[in-house]
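Each remark here refers to the structure printed beneath this line.
By written order: A, B, C and D. Residues from 1 in each chain.
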Amino acid sequence: MEAIRIIITGGTFDKHYDEIRGVLTFKDTHLPEILKYVRCTLPIELELNQLIDSLDMHLANRLKILESCRRAPEGRIVVTHGTDTMIQTGRILGEAALGKTIVLTGAMVPYSCSASDAVFNLGCAIAAVQVLPAGVYVAMNGRVFPWDRVRKDREAGSFEEA
Amino acid sequence: MEAIRIIITGGTFDKHYDEIRGVLTFKDTHLPEILKYVRCTLPIELELNQLIDSLDMHLANRLKILESCRRAPEGRIVVTHGTDTMIQTGRILGEAALGKTIVLTGAMVPYSCSASDAVFNLGCAIAAVQVLPAGVYVAMNGRVFPWDRVRKDREAGSFEEA
Amino acid sequence: MEAIRIIITGGTFDKHYDEIRGVLTFKDTHLPEILKYVRCTLPIELELNQLIDSLDMHLANRLKILESCRRAPEGRIVVTHGTDTMIQTGRILGEAALGKTIVLTGAMVPYSCSASDAVFNLGCAIAAVQVLPAGVYVAMNGRVFPWDRVRKDREAGSFEEA
Amino acid sequence: MEAIRIIITGGTFDKHYDEIRGVLTFKDTHLPEILKYVRCTLPIELELNQLIDSLDMHLANRLKILESCRRAPEGRIVVTHGTDTMIQTGRILGEAALGKTIVLTGAMVPYSCSASDAVFNLGCAIAAVQVLPAGVYVAMNGRVFPWDRVRKDREAGSFEEA
């Protein structure tokens, strides 16, 4: 059984309500807690790359993700990412043609809020990354898209084929 | 985009606390509610096959699942199932060699209890069923096993390669 | 058994994550849903007075609450309110000396986020309003304060005696 | 500010799903966790008296609760208790006439299951115990009943005046 790496970059997935300031922000990642209670026995390397809203990402942020993917000893990588610019990061990873299977995922509703899609999307990404051939993909809405055939419908808040 | 079918059979996944009788039992399936809030846009046919604890399943129960798989117009099917005898049903489906991709999944903790693995496992199964070749699989613990190479470690409460 | 009125004004208690715009905002009140699943059998009149962050309240907003309290046929009233200016509204209600028992409550973490204090605080307020004599009170942090002997410690995010 | 004591006896409130054995049972109390996230600043002494389904209680179990109430230095006590025989324990505490304010509460749905009334009921009990005169009470369904004027409607799963 091959280990996978999860590169954490924040996004809505990991947003948390700061009750003192009254805002949704980042404090820590919820990934270790989630992987424990879903009873995941797959060997997983967690890498906290950054905790950022993907609307605030600059090129440097995306290159940092690319660099982590390149350096990772694992050939199968999940990247948690804000949905707003997930596709832009996907393009950078896709064009780099690393010969690895990389699946980007995220959430429309924070894990820490009710009716969140975070854990479902993570499940999709973890399964997809283990069975797909080398390439870069987006796993959202119960579907898995190649990085260059997906768009986000901002009004509907969902991803679809492009 | 190809539609998938989810054949619901109950199991811990769908158990619900009956506050009048003070027991965990079945009332209805939670699948429609889950698929809505996880924002799944994949076309899915839900089929309520039975709502039963898999320890109570007889051969007739498993044959009913086989029959549903056989009759389904879809070539890709997820079966929600109790974990205790999921592998026995997997064998019956596997030996029938239907030429379809069938993924069994379930939960160790009911969806309606905290720290449940149900939604994560469902995500794994839905992604796996879309990308795997024809065959019968078990998706549990973040992993996907062929039906004839998996066993349940009852003491650990997890599935592993056999 | 005497009916009570709950006057809803919004606040963090009722904030909801808008996944399209990516912000915490108001959509609807969660009170009817909560009162149902907590199995409250007390006759309760729900009144949606406004849905607003209490930092955005002007005097007119507070007078609208006062007017509702005055007009209510019930002698026992719970007001859900943002915590930031709950005490200011409490003063207006207290100085009006309506001869009714009025309990203000709210939440530091939205009901729709994990680890919310909303339901606990609501329980405190509903019990307090039934047993306290006429007057205006704040129920937060498991305590019940008279309106003129309470302050909010903004750094700790909790209420204390003043 | 006077400290209160919470005497924990189990009941549905504290039941937990044991995923290895597939049953609802007791493992530990959830009270410390709850009191923390609801941001309760009231000084509270937690006493783990027993963890038992109240249908399994014998007289000795109830006398153990009485003894704890008697010995407690606090004059205000909340007892978490299974709902099935809460009233029987209430009678024993009530007839002992300890001159303290004692509020029994519990839950119809375990805290660890969705749509639980546990935290709401706890809020009711904690507020009620601080404001009521000496006596023994049951706080359930958003209401507070004297121990000798309450009955449980087993079919409806709720408490009402007797």
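Heads up, the rule we're going with is that contacts are C-beta pairs under 8 Å (C-beta built on N, C-alpha and C of every residue); 3 or more make two chains touch, one makes a residue touch a chain.
If you're wondering where the values come from, they're calculated on a predicted model, not measured in any experiment.
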Graph distance between chain B and chain D, where chains that touch are linked: 1
Common touching chains of chain D and chain C: none
Most distant chain from chain C, judged by the mean position of its C-alpha atoms: B
Separation of mean Cα positions, chain C and chain A [Å, integer]: 38
Separation of mean Cα positions, chain D and chain A [Å, integer]: 44
Separation of mean Cα positions, chain B and chain A [Å, integer]: 25
Where chain B touches two or more other chains, by residue: 108-109, 115, 157
Pairs of chains in contact (touch as defined earlier), listed by label: A-B, A-C, B-D, C-D
Chain D-facing residues of chain B, complex: 12, 17, 19-20, 22-24, 84, 108-110, 112-115, 154-155, 157
Residues of chain B touching chain A in the complex: 1, 34-35, 37-42, 44, 108-109, 115-117, 119-128, 130-132, 139, 141-144, 157-161
